Amino acid sequence: MMDKQAMQEFIARRVALEFKQGDLVNLGIGLPTLVANFVPAEKEVIFQSENGCIRLGPAPEPQNVDPCITNAGAVPASLLPGGAFIDSAMSFGIIRGGHVDVTVLGALQVAENGDIANYMIPGKMVPGMGGAMDLLSGAKKVIVAMEHTAKGAPKLMKSCDLPLTAIKAVDLIVTEMGVIEVTEVGFLLVERNPEYSIDEIRQNTGAELHISPNLIDMAL
Amino acid sequence: MMDKQAMQEFIARRVALEFKQGDLVNLGIGLPTLVANFVPAEKEVIFQSENGCIRLGPAPEPQNVDPCITNAGAVPASLLPGGAFIDSAMSFGIIRGGHVDVTVLGALQVAENGDIANYMIPGKMVPGMGGAMDLLSGAKKVIVAMEHTAKGAPKLMKSCDLPLTAIKAVDLIVTEMGVIEVTEVGFLLVERNPEYSIDEIRQNTGAELHISPNLIDMAL
Amino acid sequence: MNKIISLEEAVAKVKEGDTVMVGGFLGVGTPEKLIDALVAKGTRDLTLICNDTAFINCGVGKMVVAKLFKKIIASHIGTNKETGRQMLEGETEVELVPQGTLIERIRAGGFGLGGVLTRTGLGTEVAKGKQIVQVDGQDYLLEKPLHADVALLFAQKVDREGNMSFHGATRNFNVYMGSAATTSIVEAREVIREGFMDPDQVVVPGIFVKYIVDGGAL
Amino acid sequence: MNKIISLEEAVAKVKEGDTVMVGGFLGVGTPEKLIDALVAKGTRDLTLICNDTAFINCGVGKMVVAKLFKKIIASHIGTNKETGRQMLEGETEVELVPQGTLIERIRAGGFGLGGVLTRTGLGTEVAKGKQIVQVDGQDYLLEKPLHADVALLFAQKVDREGNMSFHGATRNFNVYMGSAATTSIVEAREVIREGFMDPDQVVVPGIFVKYIVDGGAL
């Protein structure tokens, strides 16, 4: 069994393989942010952050921190050559207008029709949707990167019981157990982490799990 | 009788008196453009042009002409210190959003309810509305600057018979004959050019002309 | 017209009960000196329109802690526990608005548009009670324009005319909030007192700025 | 990715029957070299979306004279007699759109909005056949988004990434047209080949630009 950090890195590493040359990508806060670390150097991916950065780069050395240059989590960041700073209206014009090729977000729950809940637990935790609702409605491809369960409770469900962030929005789910496509017929396991049996993955999934006839081991 | 140029200057000179300190003003092409020449030096008026200039200044000396700096009529212009260049979306955000204090436009016809026609004569002349419809719907105060008649035919009418540029938009009309407010009851003559009698002005007006009890000679 | 005023004069423009828009994204690009002065003065019953409520010791988060708001309109409050506490205990009303919708509603308010037609939020709680408009067979949510009494903005540089320019990720909501507010006040790190900004370099024209406060270096 | 292409390669991106957006305001801020090359090539049956049709010897006016358009969507055609002649004689269809509505429809197309709600044009021929949407008891005209196959843009400077900056009154429609087109081509007076633009100075980010053509000095 992987520890939490290893699990998150494992998931992030797999998500990074989804990007194509030249993709414009927006990464959510938390686990999704890690994905940037695993993009192969030869693949040119442009990271956008909704606070107004295009070509977001790695965290700067401490002596180079500029308080005005941060990612969407207010963490010091850098801009790669060719980058640009933009305002929020243009930033969300890019997002809503379908110019973001891929967004990677975390989730509390994902339903088999692609519904997603990731912005509040009523009466308990209400952080708000931030830019997530716009990303889910505007990005060409939505990847959810998350642990397969929340302390053993399934997060892939028949339908979400938490308030939705968007309907029918998710295209692909990457967890430590496998890679699941959201299809017309529901969840389709296309890649499996060999550490888990199909039965184990089914037991940890709250909806029917179809198995791809072309199921392969999780590519890394 | 004034010649055409003297008449236009006379009208422009009177319009210039309408501006208040600090007003943001947009002048239409033609006669309205002349108004800028008659704003007293001590009154600070900011001219905006819809092609993307704020603090438009006078025409430059020939040796200082910059092909990228023009007014909305594509005539070489200058920017005064403190000016800014903006894009069309912001330019019309300013106009539509009610940030323009006064616009001065020409007209083919104005109706007694404030309707205005100034962008086309069907089958004959169809230049298009350009920014006029936005200016008419967005500016806080709309002044029409025009000759009182078109070759003797009234331009102030009961209702316009040409296609409208905007409904109920005009606040004030300045002609070589006088200054006419558009009120709840229709046209109200508030200032008269002493060269014309009230009867003459009435004969040249295509709708009822109310006379202000406070009628004065045209201020210049 | 001299637009440069003191911090004291600036905060006097904000009245109890006002709706205030405040620029910034998790405190980045926020007028901290104006906020500190408002906290010190304790102007209450305000309605806040801001992207988020930053942190308890940063940006508008300090105003939350000082309980200056009766209502908060924001896209995210998760970085400030005090906002969540005030909301859950019913002390402060919170309206959550998707971030792209929030900036566009502000722009619509400032730019004279009747509202925003967006697919963002369809099928979620955000859509509840709102008008759906069909365009070519596609549903869009009608989101209404926002206006404020006062906008508190931040810029890297401002000239005496109020022309603003920015550094880094500080443009965020500062670019459009001035257009949607009756009174806008800019706190700039640098106030250009001699000459004016190059007109090609201006990001927000000074006509959207009523007052200027010298913020000084961070 | 190398975005810099030749004028010849650039005009080959425009196909007969395409909808093209062209930046510029009466020719100011228009990509003249791209236009000349299109006229020389004679790519026909185009639909034009542009603020105006400039003059017979300037800007898109030259394309009008060469009869490249089957339809023109613009706010003003009065400075080009040939446009008026083609319209009145039924050779070319002309749709007149208020200027502020035109730029906002383009932005809505590029920015994923369902349309524009504006009071501009209410009660006029512009409103005919269009949906009226009431917001808080006030009528607004619903104007639909615009898209294009190709956008032909002008910038003062562009770097290899496609980041654009401007001089003077040349921003006009160039800022938003790239977002609303499948393919956008920028003709810049200066192509920065060494290094990149200061990210604080970028007006239009390069993600909206697919190809770059070196326009050279005027």
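As written, the chain order gives the labels A, B, C and D, with residue 1 at the start of each chain.
Keep in mind that, in the parts below, contacts are C-beta pairs under 8 Å (C-beta built on N, C-alpha and C of every residue); 3 or more make two chains touch, one makes a residue touch a chain.
Since we're looking at a predicted model, the values are computed, not measured.
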item	value
Chain located farthest away, centre of chain D as origin (C-alpha)	A
Pair joined by more contacting C-beta pairs (B-D or B-C)	B-D
Computed distance of Cα centres, chain D from chain C, in Å	32
Between chain B and chain D, centroid-to-centroid distance (C-alpha), Å	29
Whole-Å separation of chain centres (CA-atom averages), chain A against chain B	56
Separation of chain B from chain C, taking each centre as the mean of its C-alpha atoms, in whole Å	35
Touching two or more other chains - residues of chain A	85-86, 92, 95-96, 138
Interface hub residues of chain D, defined as touching at least two other chains	104, 107, 112-113, 118-119, 156, 166-168, 200
Pairs of chains found to touch, sorted by chain label	A-C, A-D, B-C, B-D, C-D
Residues on chain D engaged by chain B in the complex (per definition of touch)	25-29, 51-52, 74-79, 84, 87-88, 94, 96, 98-101, 103-104, 107, 118-126, 156, 166-176, 203, 218
For the chain C and chain D complex, residues of the former touching the latter	104, 108, 112-119, 131, 133, 135-136, 138, 140, 142, 144, 156, 165-168, 200-201
Residue numbers on chain B that touch chain C, as the complex places them	21-22, 24, 44, 46, 48, 54-55, 79, 81-86, 90, 92-99, 138
Touch list for chain D against partner chain A, complex	1, 107, 110-113, 159-161, 163, 179, 195-197, 199-200, 202, 205-208
Chain B - residues contacting chain D, complex	49-53, 66-70, 72-74, 85-89, 91-92, 95-96, 119, 123, 125-134, 137-138, 163-167
